[in-house]
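Shared between the two complexes below is chain A, which pairs with chain B and chain C, respectively.
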Partner chain A sequence: MQISSRLRIATLAAATTALIGTALLGAQAQAQDTYRIGYAISKTGPGAPGANTSTIPNYEMWVKEVNDAGGLKVGDKMIPIEVVEYDDRSSSEEAVRAIERLINQDKVDFILSPWGTGLNLAVAPILDRAGYAHLAGTAVSDKAPQLSKRWKNSYWLLGTGSQYANELATFLDQLKSDGKINNKVAMIAVADGFGIELSNAGRKALEKHDFELVYDKTYPLGSQDLATIVNEIKSLGADTFVAFSYPPGTLGLTEQARVLNFNPKIFYAGVGTAFPLYKDRFGADAEGVVSLGGASETDPKIADYIKRHIAFAGREPDRWASIVNWASLQSLQQAIERAGSTDRDAINAELAKGGFDTILGSYKPGDQNFWQVGQWQDGKFVGIAPTSMDGAQALIFPKPDWKGAQ
Partner chain B sequence: MLSYAVFSGITLGGMYALVAMGLTLQYGVSRIMNLAYGELVVVASFAAFVLMTSAGINPVIGLLILIPASFALNWAIYRILLKPLVARAKNRGMLEVDSILATFGLLFIVQGVLLVWFGGNYYSYDFMNSAVNVFGAAIAANRLVALGFAVVIGLGFYLILTRTRIGTALRAVAVDPQSARLVAIDVNFAACFAFALGGAMAAIGGVLVSMFLTFSTSMGVVFTMKALIVVIMGGVGNILGALVAGLILGIAEALVATYIDPGLTIAVTYVIFLLVLLIKPSGLFGRATS
Partner chain C sequence: MNIVTFKSDFIKPVILGAIIFAALAFLPSLVDSYYMSLAISITSFAILATAWAMFSGPTRYISLATVVFFGIGAYTVAVLGEILPFPVVLICAALAGTVLALLVGFSTLRLAGVYFVIFTFGLTELVRQVVSWYEVNVTRELGRYIFLDITQDDIYWQLLTLLAVLLLTGFILGRSRLGFALRIIGEDETVAKHCGINVTRVKVALFVLSAVFMTLTGAIMAPRWTYIDPVIAFNPMLSFQVVIMALLGGPRRLLGPILGVIPLTLLFEVLTANFPNHFSIMLGVTFMVIVYLLPGGVIGLYEKYGGPNKPSHPNGPPTTKEKTA
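== the complex of A and B ==
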């Protein structure tokens, strides 16, 4: 008991020091003539790797590009951006506290979203109450349409789990009716927000299209040792394997499928597949793997964005949330310029109008005009569905054999 | 199916044991409850990654560099950071509390340094991932290497601790540091040596684990937690106990994932842990405290 109370004191002490540190950071002189942008983001904790891939580099790169160009064009003035940044340590309590501090103490002009579905849901009501717009760049939730009604300045950029699942199921249905795959699907999901949302939606969508789920289970968050699952699925005769997984699990599953030589005709893995890390890790074996997202690298705007991202961050952006995040930052910049003032309500009104010129073309935050299903083809993660979209690539089918490991 | 579940469970358990054996030495002999243990495992993973990707040194060869380096680093940590705590502690309980506090701070320092150098991203590299057939079950070669190391270290240390003079000294210090002094054992040296040795084992664990797990700067606490369970389950300070406890957990997880539900793998770990604590509170191989 003594140990635990001392431990608690230590935790408190550590927390206080961290708080004082960040508070000092925020208390820096409030110079006029800057547009103050604040955000709380997971620099540490379990959310950090995701935030570091999809969110942080984009925020930093955007601020740098804007400031290098002299700042935001507001009326006839150029106003540079000043950033107030906190680490939310991947905890929603911490994120809420930091956002409140940004609003009440730092009095920033605009707040960018934290990383992940959970944290975005946690901070949404506070931002709404204080009249801040909320461009939730990395949240997937079936409640998205209701949420944007409830908090009218919130935009749920990655949409709902159902849309990805439905698009995937429709796509698979086409393959099934072409006689290319059988009706058996093996599905696993990580037992966390994203995996649960998508597997629920996926189950419904797949059953609607008369697929039989021969395997349908979840695995705990953080688990990378999924060899037993892969081995069992291998014996079930499914042509389609669907994993709504998070990055460590995505890599673990791919690795173990390769070791066990489990090579279904469609191999769909979750978050992390569209990360550059995936290609670095598996090289030629990434070929043919299917996932969420996608990028038309033949589109000069996308190609240019990827090039600038590499130059800035030293690595490629992921091919899903990064692109949408970037489009939302472009929208914000244009909304401020169109509003011609730093008045929050004026900017919010412009954001709601949409029609921004972004890497996703003409865009309004919340539009789902990006790839829902993509595939690694020749070292690029390209978009394959919705098939009606411009630049949709043909699916490489069936998935090529694993070339084997080093 | 059964044979595959058992074999993959054994490799998984080997990994748990490997990561836990250093902690059992540090906690059992040096009496330092090292909360920064997992961070030191992760440091070794990153070191292996850097050696592999920038210098092209394969991780198993890299061990030749990283084991002594980690031994030295942990020696220094003990001498500089922990020695004053040992000197002023009036009893074992006080040392435990103080060492928890000190290593809790160390945890943040190590994590902070890693964050500055490597950022928060995931890291992973490809090494020895080819499949090896073991009685009809395809297992990744790197996992077999990790299992091999776990077994060799486990049995090797068991023999060293029970058959050699220094081993006997270490055990004496583990049982009763006060009386060990009376038979001319240099308790300070033994404790420092055991701590550094534990650190070296953490490095071995980190390097081998990095061959097949995706890791990031924030993963240390995962290793510490798992290692703590294995250490307490196996009996504090007992290397063979850590090996057996690790294997039991690994096999149980694999069987549950295959025959019941993969969602219950973490639950089964804690159920077994609780059962052991209820039936044998000092751990599987632990001595009942008088």
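== the complex of A and C ==
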């Protein structure tokens, strides 16, 4: 088929005009009959699986619940939430641009955080400059305390990598002095931000508690060949196996340990263990596996949240970042209600005061009052440390035998 | 050609360019930071695509290594940003880019055609893994923080200056012996050798020149992200975007790539803003439409309907073969 050159030019001209028109006019701010909430999140790219687990379902469920109840209570008015969402395609530059668009073009009232340490750090200075609060729900950084000083209204909800490693080391130390485990630990970590940060902190903390690291290596993100690692570790006689892994590695290592019947007394795996899919995949073999995070499912608020999450998203929330994210959304809602206005500074001031009633109890964004160490017990991922926290469960010890491997 | 026309041929575009760039420098006082972020995006891609086309246009070597140099620049800032003053950091970045480009150039520019494409693509992964390995085993910190007080406007002005220098370099190059040698190599390498051109040296020289501009772009952009790790700095998507933009515009003219950068950046913007859930699908459809309606690139359209029949620019017209390659 031939297209005449005139038609071609006309089409191009029309397309270009439309393009520029849409690009430049964009969405204009509207009158304040809605509270506009914006977010840019990784719907595609390497960050998408994590964002889809810990962040997106919570944002969507919160907006739906608030709007079903008539909206946010601001003074004596009920104001529904309107959402403006973008895909940052897991790229820092896209995230930066999307946040600029939310602030300057869409003129949203509040911006929810993107997924992951890198993207949260990329957008933090922009949010700070524009006076928006930043509830960074999925960033783990040892610089967290400095970051909240640097950007006054930023809250680093998951804290530092060291805190998880330190809590684990303290917990293991207790088991060691009770004579339950020997002083040998085999540790591996994924060669990615999270794994490196936690293994660094873990190395220091474990050595401080006189543990001997009989194995201390990293594996590349996306590595398929984990059988060699597990085989090597199996012969080292360590009672404790610690993997600061990411979901693919967490599943792969568990699978290999099960196949090779490597069953240390403490089997600690990283991100992904607390995901519902872990239980789905390993069934009864999940029993006794230790990881970071945890939930007090005996707590009616947590149990109710999990039930609503299943009803809304068709799957369970993970037992770590999801819970913290939800508590931050509850805090935001109460901050707006307490401020009694949609004024950003007033809401920011309320957020800084804290004292919100959330699924984590009385909460101020940035509080680390959630479980640092948890364990699968009877199909539930429960919190076991810090042992001083309410509802701390006793550790199932030693880890039961793998059933699938027999 | 007598001296007078040569002079006016040379001076007019330079003055015109200087006026345009001087006007563009006032942009930050006219628009808000959203448009500034759009302007930064367009300017940075304009540099990358023009620098890419500077080497790949005449030689027809399709390089997918853009992000390698871009990432090296970003990493230089992350490593040295808080130790040295920023201008010195930029010089270090340029040096790092030069050294890497020399290494890569001398070892690979003897490769032809598809081998070169595959090598440059593999180079991205290689450099990313080497940086990861170093960070994991030596520094034991995978991510790096860049806390520099460099505003969005500063970044824009730096990019604008770099683009002006790049265009001027390209303009002079097009009229130089080196540029002439390159075009002969692009037409027929054997003929070039017989003319007494040191083919490898010319190609490496240009590869290095193009790489330095890419490295500097990465270095200038890095303070925008606060945090980089190997995955963020060496994202292969960037290399592909640059190639697509340059090819859409027309890689064999100096201003061709920019004509591809502007519509495509605006298109990405519209798609991201309006179709957050269907970006990739919409992008694919749009590319099909572009290829269907614009087989010769934007500059091809200009030459066909608006411009002079014979190219006034010595880089020569784009060929249809290139677009479909």
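Convention: the second predicted complex is superposed on the first by the 372 of 406 C-alpha atoms of A that agree within 3 Å, B and C clash if a C-alpha of one lies under 4 Å from a C-alpha of the other, contacts with A are read in each partner's own complex, and residues count from 1 in each chain.
We take it that a contact is a pair of C-beta atoms (placed from the backbone, for glycine too) under 8 Å apart; a residue touches a chain by one contact, two chains touch by 3 or more.
A quick note: this is a predicted structure, and the numbers were derived from the prediction, not measured.
Enquirer: A:227 in the overlay: touching chain B, chain C, both, or neither? Say first, second, both or neither.
Expert: Touch status of A:227: first partner only.
Enquirer: For A:188, select first, second, both or neither according to whether it touches chain B, chain C, the two together, or no partner.
Expert: first
Enquirer: Given the touch rule stated above, what does A:218 touch, chain B (first), chain C (second), both, or neither?
Expert: So A:218 meets both chain B and chain C here.
Enquirer: Of the partners chain B and chain C, which touch A:196 in the superposed model: first, second, both, neither?
Expert: Once the two structures are laid over each other on A, A:196 reaches chain C alone.
Enquirer: Could you say whether A:404 touches chain B, chain C, both of them, or neither, answering first, second, both or neither?
Expert: first
Enquirer: A:46 contacts which: chain B (first), chain C (second), both, neither?
Expert: both
Enquirer: Per the contact definition in the header, classify A:303: touching chain B only (first), chain C only (second), both, or neither.
Expert: Neither partner.
Enquirer: Kindly classify A:86 by the partners it touches after superposition: chain B alone (first), chain C alone (second), both, or neither?
Expert: Second partner only, chain C.
Enquirer: Scan A:235 for contacts with chain B and chain C and give back first, second, both or neither.
Expert: Only chain B; A:235 stays clear of chain C.
Enquirer: For chain A, give the residues common to its interface with chain B and its interface with chain C.
Expert: 3, 11, 43-44, 46, 191, 218, 220.
Enquirer: If you look only at chain A, which of its residues touch chain B in the complex?
Expert: These residues of chain A touch chain B: 2-3, 6-7, 10-11, 14, 42-46, 48-49, 51-53, 56, 90, 188, 191, 217-220, 222-229, 231-232, 235, 247-248, 251-252, 255-256, 258-261, 272, 275, 277, 280-283, 404-406.
Enquirer: Contact residues on chain B for chain A in the complex?
Expert: Residues 1, 4-5, 8-9, 12, 93, 96-97, 100-101, 104-105, 108, 111, 115, 119-131, 138-140, 212-214, 216-218, 222, 253-254, 257-258, 261-263, 265-266.
Enquirer: Under the definition above, what is the set of chain C residues touching chain A in their complex?
Expert: 32-38, 41, 129, 132-133, 135-137, 140-143, 145, 147, 221, 224-229, 231-232, 235, 237, 263, 266-267, 269-270, 272-274, 276-277, 279-280, 289, 293-294, 301, 304-305
Enquirer: Within the complex, which stretch of chain A touches chain C?
Expert: On the chain A side, the touching residues are 3, 5, 8-9, 11-12, 15-16, 19-20, 22-23, 26-27, 43-44, 46, 85-87, 89, 91-94, 96-98, 100-101, 103-105, 117-118, 121-122, 124-125, 141, 143, 150, 191-193, 196-197, 200, 218, 220.
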